[in-house]
Structure formats: C-alpha cells, structure tokens
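Each of the two complexes below includes subunit A, the first together with subunit B, the second together with subunit C.
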Partner chain A sequence: MSTLIAIIGLGILCLLLEIFDFRKAIIPISIIGLLAVLGLNISEFNSPEAYYNNMIIVSKFSTSFSALFIVLTIFLVALSHKFHENNQAHISDFIAIKLFLLAGAVAMVSFGNLAMFFLGIEVLSIALYVLASSDRKSIKSNEAGMKYFLMGSFASGIILFGICLIYGAMGTFDITEISELSYSAELPVWFPIGIILVFIGMLFKIAAVPFHFWAPDVYEGSPALTTALMSTLAKVVAIATLFKLLTAMNAEISAEFQTVIVIVSMASMTVGNIMALRQVNVKRMLAFSGVSHAGFMLMTLLITTNAAGTLLYYSSSYALAGIAAFSVILYVCYNKNNEDINNFHGLGKTNPLLAAILTGALLSMAGIPIFAGFFAKLFLFNQTIQAGYISLVIVAVINSIISIGYYFKLILAMYNKEPNEVRTATPFVIYAVAVIAIVLNIALGFFPSLVLDLLA
Partner chain B sequence: MDNILNEIGIENYIFLAVILFSIGVCGVLYRRNAIIVFMSIEIMLNAVNLLFVAFSTYHQDTQGQIFVFFSMAVAAAEVAVGLAILVSIFKNMGTISIDKLKNLKG
Partner chain C sequence: MNVSLLLIILLAGALITYLSGDKLASKVALVFSLGAFGVSIALLNSLSLGEDINFVAPWINQPKIAFALAADGLSIAMLLLTTALTPIIIFSSFGTEFKNAKSIYSLILFMAFAMAGTFLAADGLLYYIFWELSLIPIYFIALIWGNGDAEDRKDAVIKFFIYTLAGSLFMLVAFIYLYQKAGSFMIEDLYALDLTLEEQTWIFGAFFLAYAIKIPLIPFHTWQAKVYQKAPAVGTMLLSGIMLKMGLYSVIRWQLPIAPNAAKEYMDILIGLGIAGVIYGSIVALRQKDLKKLLAYSSLAHVGLIAAGSYALNLDGLRGAVLQMIAHGFVVVGLFFVAEIIYRRYETRNIADMGGIRKQTPKFASLFLILVLASVALPTTFNFVGEFTVLYSLSQINIWYAVLGGTTIILGAYYMLKMYQHVMLGETNTKPFAEVNFNEGFALVIIVAVLFVFGIYPKPINDLITPSLEHILTVINR
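This part shows the complex of A and B:
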C-alpha cells in the first residue's frame, strides 16, 4: 500500500521539480526514489495485509510482481535521458507519465476490488496512449497512438461490461466475496458471460491471437522507448493481472474454458512466430515475438502447482531480455527514420559489446541455455506436462524451434554483414542498462530457485 | 424505485444495455469518422453505466452507483487524451478519417 502512495508522490514530485526549474535533477531523483520504493516494497513482502475495506490487498504475489515492475521502470527511466536528449524541456512529462503508469501497474496486481482493477488498468492504458503518440510531429507516432487508443478503449468498454455482469450476478465488487459466492450451486448465467468478457478484454491488452492485430502497427509506429515499455512492462502487467483475476474469481476453471485457453495459447505462439519470420523491421519483429511469448505465458493459467512462481520467473526473464534488446536498438536506431534490419549490419565489428548483449538477449528469448529464457521454458513445459497438456507442449517446442529462425536472422546480420556506417558514440547509460539487464538475466538463469520459490 | 424495477424486470434493463452496447460496437467497427467512433465508444461506456445503476437498485446496494462515478471520470479522461491525439493528427494530415491512417504496414 505504501508502495503505491510513494510512487504517486514521486510522480507529483517530478512535476513540482519542473515548476521549480530543477530539470537536470529529475532523472537522478526519480531513479533514487524508485530504488527507495523498491526497498519499501520488499519490506512489505512478509506482511500481507488488506487496506481500505479490501480495496488493496498486499500479498506475496503483488509485492513480488510490483518489485519486477519497479525494476523495469528504473531501466526505462534511465534510458529516457538519452532518448529525449533533444526534448529536455518536456522531460518531466515523460518521467511523470511513466511513474503514474507504474502506479497503475502496481494497482493492477494488488487490487482486492474490481473498482481498483478497473482504475488501475485505465491509469496504465491512458498513460500508454499518451506515450505512444508522444512524438507529436511524426505521422507514424500519431497513427500508432490513435490505433492504440481506439483498440484500448474498445477493450476497456468490453472489460467494463464484463465487470458489470459479474456485479449483477454477485451483488459485490470484492474479489474474495466473489470467490466465495462462485462456489455456490446456482449462479445467474451473467456470471460466466462476465468472466468471458473480462477475459476477452484482457486478451486485447496482452495482444494474444485473435486480438493481436493492433500490436505490430502500434509497436512499429510508437517512439522506440515507448515500444520498449509496451513490450516489457505493459505486457507483463497485463498477463499478471489476467492470472490474478482468473485464479481469484473463478472457483475452478471449467474444462471448456481450459480448452479455450489451450487454443488461444497455441494460436498465439504459432501466428506470432510465423508472422515474425517475414518482418524486416526489428520493432515489428519483436512485436510478433511478444505475441508468441504471450502465448507461452498463457500456459501458466493451466498449471496446477506453483503457477504463480513459474509466471513470475518467465515474465522476469522475458522482460529483462526485452530491456537489454531494446537498449541496443535505441543505440543503433538513434536519429534514424526506421528500425530496419539493415541498420544492424556489422554491429559485431563496430560495437562488439552491444552486439554481444543483443545476441544474449535474443538467445534468451529463443530459449538457449545459460540464459534465463531457457530455464523459464524448461520449468514451464515441465509443469505443463505434469498438468497433462502434452499436445500443447509439443506445439510450444516446435514454436521455440521456429523462433530461432528469426532471432538468428538478426544475429547473422550483426556478425556476417559488412558495417555500413561508423559508430563512435558511447553513451554510458545505455551501456550500463544493457549490461545490468543481461547480467540479471544470466543470474536468474543460474539461480532460478531465488524467484521460483518466492510464491510457492 | 423498487416497485418500478419489479414491474419492468431486470431482464429488460439488460436487453436495453446490450442493445445500446452493440450499437456502440457497430459504430466503432463501421464508421470512418474519428469523432463518430469516439461517440460510439461513449455509447458503449454509457450503456454499461445504465446497467450498473439498474443492478445497483436490483441488489439494493450503492456500490454500483459509486462505480458509475469512477467510470464516468475515467471515460472523460480517456476522451480528453483521444481528442488531443486527434488534434495532432488533424494538424499533420488535415483529415480525421480513419481510412487515411495506413502508413504502418508490413
């Protein structure tokens, strides 16, 4: 609870610093503040409690996911300095919006009442609409913002309708009461319809097939830093929230509903990977890769033992690899019109360190050993087989093999092609973020039990 | 209030809300003018607000009416952001037709 208040306070402090003309201090103060908030959040880990009539429930689940979100936000705030170099006058807006977005994200995983869930998802989405269209003069960014806005508010409408039907069936917004009532024998037919509508709305937000069509366009058109935010933070938040919603509200997931999840998961992986094979724009490729990873993460909804821990481990490894990859993309495509793959030609010769980091991040996403992505997939597949979904795991393994195809296309372009430009700039912050993210990723790979057993 | 709800029946409120919501969905899917699409999204949200109030009376519980305030405030904030995006699109392209937004493909 105090985490949420502290984050909002930090956001307001950012806006005040702008008024008092301390623009240069905004990024350092935000990072220090976020580190303090991280400590505050970890201190709440062992004291689960409900606040304000069950509006917010602080639990191990919510604190560990909040810690992941805060770490990701620290990386994204650190990258903002270089990215908004030519727009220093408005730096406080960008940072403050990111902090408020983080507040929405924390509210989304620690809600105890559907009202709080709705407010959290809207705070997150509205902040993302603004960030997606934040490059005002670029037609691409405008278009991305508009598409994201239309799809996002459409999905919010569907989620709201679902919440309304759940309320109509249960007469309460409190998820513990809903969970108790959902065991009773006779429920109005509105309750399952409401659950399905909320599920559909959340599939829009995590960009799973068949509701993924907005993702590639929006990821390509948005400014690169916003794309990094959407493909790491926003995706992880949405999937964690969907997990919490379904486990908290549904007494037990029925067999038909499990079939739906299996089909959505298989379709997301397959469509995402096959479409990614033919992309030349790296951001677009990572958007489809994100669609396929959403499919993998949906598998955790079917697991029976330690599902939350597996989800936390998979999403941390995916998000850290994403941050490392995007910080290299920010470096390579700085001041470029597009993010096509030919910008990466010869990066292995002109900047070996960053090329190695991007290679590591892509290998982690593909699931190659020593990186955390491999162990995440290993545990996920293992648990899914134990839950009895062998066909789903077979499809998932085939998809992992397909995904190597497009990840290696980028890696080969970096090492086998001749460089087409000279790269001399060595921005310290980008190096630091990329190195820390990939080191954390490898550390997760060596010590998986640190994260896996947190929620057991 | 309770008598009225008993005479009309909660089902009819649900049908009305579903019809309004579907009108909104059709508007979002088929209309090409961005302003009209925004209006359709508002119709969707307001259909839900109507149903919230009806359910609130049905259950004799005020939580539903409080939720309507939240969703109205959120809808206002959302549309404010949407209109801002629309203004910058109009400045750059000189049109607000959604059909013209076709620069991103692949």
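This part shows the complex of A and C:
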C-alpha cells in the first residue's frame, strides 16, 4: 500500500519540480525515487496485509510483480532522457505520466475488489492513450493514440459490463467473497458470462488473438519509447492481472473454459508468429512477437503447480529482453521517421556491443539457452506437460521454431549486410540500460530459482 | 583433477582470447586449447587411477536440475578428440587472415567449451543446454567469416540453424516428458525408467529428429553440403570433425539406453537409413565439382556407416562406431585442411581448376595421399580399424548389411582416388604452388601420425571405451 502511495507522491513531485523549474533534476530524482520505492516494495514482501476493507491486498504475488514493474519503469524513465532530448520542455509530463501509469499497474496486481481493479486498468490505459499520441506533431502517433483509445475504451466497456454481471450474480465486488461464493452449487448463468466478458476485455489488453488487431498499428505509430513501454510493461501488467483475476475469482477453472484458453493460446502463438515473419518494420515485428508471447503466457492459466512463479519468471525474462532490444532500437532509429529493418544493416560492424546485446535479447525471446527466455519456456513447457496439455506444448514448440525465422532476420541484417551509415554517437544512458537489462536477463538464466521460487 | 576444470579453462580461454586483441588472439587461443588438451590427458590419467573426477552440484530446485558432469571412458575419448582437434584447427588457421580475429578465435574456444560440456553432462537438461549452446558460435562463424556470396551463405546458414534447432526442440519435449516420469533429469534415473514400447517409440523419435539432423542421416542431410561449402575452413572442420560426433555420441549415450526397445523394434529401418546414407553419399560425391562439397558428401557416407554401427546394438557395433568417430574426426579435419591449403594458393575449390600439383610439392602430395587412403580405410590406418569393426558387427546381424555398407570402401576408394587424380596428378600446373610451410606441414603430420599410431595399435582407445560401452549395453539389454 505504501508503495502505491509513494509512487503517486513521486509522480506529483515530478509535476512540482517543473513548476519550480528543476527540469534537469526530474529524471535523476525519479530514478532515485523509484529505487527507494523498489526497496519499500521489497520490504512489504514478507508482510501480506489487506487495506481499506480489502480494496487493496498486498501479497507476495502483488509485491513481486510490482517489483518487476518498478524495475521496468526505472529503465523506461532512464531511456526518456535520450528520447525526449529535443523536447525538454515537456519532460515532466512524460515522466509523470509514466509514474502514474506505474501506479495503475501496481493497483492492478494488488486489487482485492473489482472496483479497484477497474480503477487501476483505467489509470494505466489512459496514461497509455496519452503516451501513444504524445508525439503530437506526427500524424502516425495521433492515429495510433486515437485507434488505441477507441479500441481500448471499447474493451474497458466490455470489462465494466462483465464486472456488473458478476456483481449482479454475486452481490459483491470483493474477490475473496466472489471466490467463496463461486464454489456454491447454484450459480446464476450471468456469473460465467461476466467472467467471459472480463476475460475478453483482458485478452484485448494483452493483445491475444482474436483481439490483437490494434497492436501492430498502435505499436508502429506510437513513439518508440511508448512502444517499448507497451510491449514490456503494459503487456506483463495485463497478463499478471488476468492471471490474478481468473485464479482469484474462479478458483476451479472449468473444462470448457480450459479449452477456450488452449485455443486462444494456440491461436495467439501461431497467428503472431506467422504474421511476424512478413514484417519489415521492427516495431510491427515485435508487436506480433508480443502477440505470440501473450499466447505463451496464457499457458500459465492452465498450470496447476507454481503457476504464478512461472508467470513471473516468464514475464521478467520477456520484459527484460524487450527492454534490452528496445534500447538498441531507440539508438538505431533515433531521429529516423521509421524503424525498418534496413536501418539495422551492418550494426555488427558499426556498433558491435549494441548489436551483440540486441542479438542476446532476440535469442532470449527465441528461447535459446543460456538466456532467461529458454528457462522461461522450459518451466512453462514442463509445467504444462505436467498439467496434461502435451498437444499445446507441441504447438508451442513448433511456434518456437517458426519464431527463429523472424528473430534471425534481424540478426542477419546486423551481421550479414554492409552498413549504410556511420554511427558515432555513444549515448551513455542507452548503453547502461541495454547492458543492465541483458545482464539481468542472463543472471536470471543462471539463477532461475531466485525468481521462480518466490511465489512457490 | 575434476572435469569442471576442463570447462573452466575453455570458457576462460574464450573470454581472455577476446580480450587479448586481434594480434594475439590466435596464439592465446592455441595456448588455452593446448591447456585443455593437457587437462584431458590428466583426466584420462585420473580415470585410470580410479579417482573421482565427476562434478555434481544442485542448480535449480523446481524442476530439479543439477549441474552434473560425469566422465567415463567414452566421454574421455570424446573429450580427447575435441581437445586434440581444437588446437589443430586453431593452428591450421594461422595462415589465414581473419577480420576481427579475436572474435572468431574466441568463438572457436567457446564452441569447444559447449561441445566438451555436451560430452560431459550427466543431467539431461544440462546436456541439452550445452547441445544448443554449441550451435550459436558455429552459426556466427559460418555467417560472418564464411566464403562466397553473402546472400547464399545466409540462406545456407539459417537453414542449418532452423533445422538443427527444430530437431533439438523435440528432444527437449522428450526430456520434459521423461522428467515427469522420473522426477529428475539425471542420466541414471532416466536409464532406470521403465517405459512402454509406445512411449519409447515417441521418445526415440523425438531424439532421432535431433540426432538425425545433426549427424546428418538421410533424409535430414539437406543442410549439410551447402554449409560445409560456405563455412570458413575452421568452421567446416569444427562441424565435421567434432560437432557431428555430438550427434553420434548422443545416440549411444542417451537415445539407445533410454529407449532400447524402440531401437530394437526399428533396428532394420535405422540400419537401413545409415546404409542408404553410405550409398547415397558416395554416389553424390562421385559427381561433385567442388572439393569441399565432395568431402562433405564423403563425410555423409562415413557417418552413415557409423550410425548403422551404433544402431546394430551389439558391442562390436558400438565399439567400431566410437573408434570410427575418432578416426573420421581426424581424417576429415585433415582433408578439409588440405582443401584450405590448396585454396590459399589457387583461390579455388573447383576441382577442374586444379591438377598437376604433385610435381611441384611432393611432400604435400604424399601427406594428402595418406589422408585419402586413410579416408578409404586402408589397413594400418585408424579408419580401417573402425570401419572393419562396424562392418563385422553389421555382418553378424545380416550379411547383406555388411555387403552394402562395404560399398563405402569400394565407392569411397573410387571417388577419393579420382578426386586425388584430378587435384594432384597430371601435367604440371601452370600456376605455381608454393611448398607447404612449417605450420601447415606440422598440422598435417600430426594428423597423419595419429591415424597411423592408432591404426597399428588401437588397443589403448579400445580399452578406454569398452567398459563404458559394456555398461551402456547392459542398460540397453536390461
């Protein structure tokens, strides 16, 4: 709870700093503040508690995911320094919105009441709509923001409708009570309908097939840093929330519902991967790759043992690889109006370090040892086979093979093509973020138990 | 002496080589690879003294994965092959100027590290990690330092990568399935599993995809010739000399003991595939115009025979297979090195552009001839010992297998000698052929010496591997 308050306080502090004209200090103060918040959050790990009549429930699940979100936000805030170099006047807006977004994210994983859940999702979404269209002179960014807003508010509406039906069925918004009631023999028919509607709305937020159509366009049109945020932070927030919602409210997921999850998961992986193969724009490619990873992460809903730990591990490895990849993309496509793959030609020669980091990030996403992505897939497959879904795992394996095709397209472009420009700039922040993110990723690969056993 | 020391030396070597800069890289890499060879010899010594050289440490609690390295005679034999060939391969590249030399030498050592790990791992998942890890360095070696048009090379290399990775992922699923049954990835626990024939068939099939692609066996060989042709000489040597032995080793170490009944059930098909590879490889090799491609197809023929020997499931077959693995490793590295020596002087791999070299450099011609003869398993060479043992084991199952497999020697002699004739004999070539220098000669002489010494006296290796193979055989026949 104090984490949430501290984050909001930090966001307000950011706005105040602008009023008093300390713009230069905003990013360092935010980073230091976030590190302090991270410490505060970790201190809450071993003291689960409920606040305000179960509005907020701080548990191991919520603190460990919040820690991941805070780490990701630190990276994203650090990257803002370079990204908004030419727009220093509005720097506080960008940073403050990111901090409020983080507050929404933390609320989403620590809710104990559906009202709080909806509040969190709206805070997060509205911040994202603004960030998507934050490059206000670019028509693409405006289009992305508008598209995301229209589609997103539609999804929010569906979620709200679902929540209403659940309330109608159960007479409460409190998820513990809902969970207890859901074991009773006689359930009104609109309880499952409500669950399905909330599920659909959340599938939209995590961009799973068949609700993924917004993702490529919005990812492509948004400023690169926002895309980084959407594909790392926003994605893992949404999947963690969906996981919490379904496990908390509907403890025994019925067989039919499991079939639905299997189908959505298979479809997401397959469609995401096959569409990604055809993309020439790196942001679009990563959008589709994100769709397929959403499919992988949905598999955790079927797992029976240590599902939360597996999801935390998978989302950490995916998000860290994403941060590393996007910091290189920010570097390469800085001051360019597109992110086409030919911008990456010859990066292996002009900037071997960043090329190696991007290669590492992509290898992690593709699931090659010794990167964390491999272990994430291993644990996921292991647990899923244990739960008895061997056919789903085989589809997932085939998809992992397909995904090599597009991840390696980018690697090939970096190493097998001649450079078409000289790159001399060596922005410190981008190097630092990329190196730390990939080192964390590899460290997770070497010591998976650190994260995996947190929620066991 | 502990096996982990070997891995530490190779990994540290890779790192220090990278840090030592382009000028020193090759020498630093050579020193570390020789150090690794020394450690292998010391390990051999420790093993014969009966010391405990294994290394087991818990790694991940849930699922239970251990960092377990274990060495028996078979592993040590493969380690000796790896660590003996790595310095030879590094040494043989001294005459080649590489751009960004520190990276390639570092990658070579890293690959040796991953391959040594594959031969040592006693935990299924650790084994899988090393197996996959060895793929990344060879991918970059072939992609960045390879020859020919960049686009062609890209297609060949990516095909190779996707092929091998696809096969291994099914192996991963098989391992996870086995884990569900055994509750552990440790090799003894997997050996002890009692699986039904149906389960064994599926698991055997998943392993088979991984290994048949890596070895390669027909019909999974389509990546091979192109990659051998496009990769730089060091890459081809690593691939053909050591990496494909990983597949053959894994068949003996993992596939057969874990799913023995499936292997017995499908023995005829498996031996048939191996022998089909022999005949197909030999016939295709006959028609090759590119020296490296010819050697690639000849390699396909030889490994087909080795695989057939392994799948014969008797002691002679396994023993012959391992002996031939080692012999083939040395001979194929020697032959690819010869191709590289010729390329350094003539800048061509096209056999038609060669010829008449022998008169200019008789010493080189003699060494080359010995390698050619060793490759066709002339008695007194190491390859004869291996191929003969394999053919003998095949004849015990069905005489026709031995007859058909024996074509490797007849057809092999035909295409190899024909190749030698076109490359070396004939009118003196108008282009001057500089005498081989000391470095080149030294590497070739070592290879030839190994082939002769163990050809005449294979007992040490035989004694080294037989106890482990007998143990594996008892597991197979449990």
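Rule of thumb we're sticking to: the second predicted complex is superposed on the first by the 455 of 456 C-alpha atoms of A that agree within 3 Å, B and C clash if a C-alpha of one lies under 4 Å from a C-alpha of the other, contacts with A are read in each partner's own complex, and residues count from 1 in each chain.
The rule we apply is simple: contacts are C-beta pairs under 8 Å (C-beta built on N, C-alpha and C of every residue); 3 or more make two chains touch, one makes a residue touch a chain.
It should be emphasised that the depicted structure is a prediction, and the values quoted were computed from it without experimental measurement.
By the document's definition of touching, of the two partners only subunit B reaches A:126; subunit C does not. Judged by the touch definition given at the top, the superposed model places A:168 against subunit B, while subunit C stays out of reach. In the superposition on chain A, contact is made by A:217 with subunit B only, not with subunit C. In the overlay built on the shared chain, the residue A:229 is in contact with neither subunit B nor subunit C.
When the two complexes are overlaid on their common chain A, residue A:376 makes contact with neither subunit B nor subunit C. When both complexes are overlaid on chain A, the residue A:280 reaches subunit B alone and has no touch with subunit C. Of the two partner chains placed around the shared chain by superposition, subunit B is the only one that A:146 touches, whereas subunit C remains out of contact.
Among subunit B and subunit C, the chain that touches a larger number of residues in subunit A is B.
Touching subunit B in their complex are the following residues of subunit A: 115, 118-119, 122, 125-126, 129-130, 133, 136-137, 139-140, 142-147, 149-150, 153-154, 156-157, 160-161, 163-164, 167-168, 171-173, 190, 216-217, 220-221, 279-281, 284. In the complex of the two chains, the subunit B residues touching subunit A come out as 10, 14, 17, 21, 24-25, 28, 34, 37, 41, 44-45, 47-48, 51-52, 55, 58-59, 61, 63-64, 66-67, 70-71, 74, 77-78, 81-82, 85-86, 88-89, 92-93, 98, 101, 103-106.
By the touch criterion given at the top, residues 306, 348, 363, 368-370, 374-375, 378-379, 381-382, 385-386, 390, 393-394, 397, 400-401, 404-405, 408, 412, 415-417, 448-449, 452-453, 456 of subunit A touch subunit C in their complex. Residues 60-63, 125, 128-129, 132-133, 135-136, 140, 143-144, 150, 153-154, 158, 161-162, 165-166, 169-170, 172-173, 176-177, 179-180 of subunit C touch subunit A in their complex.
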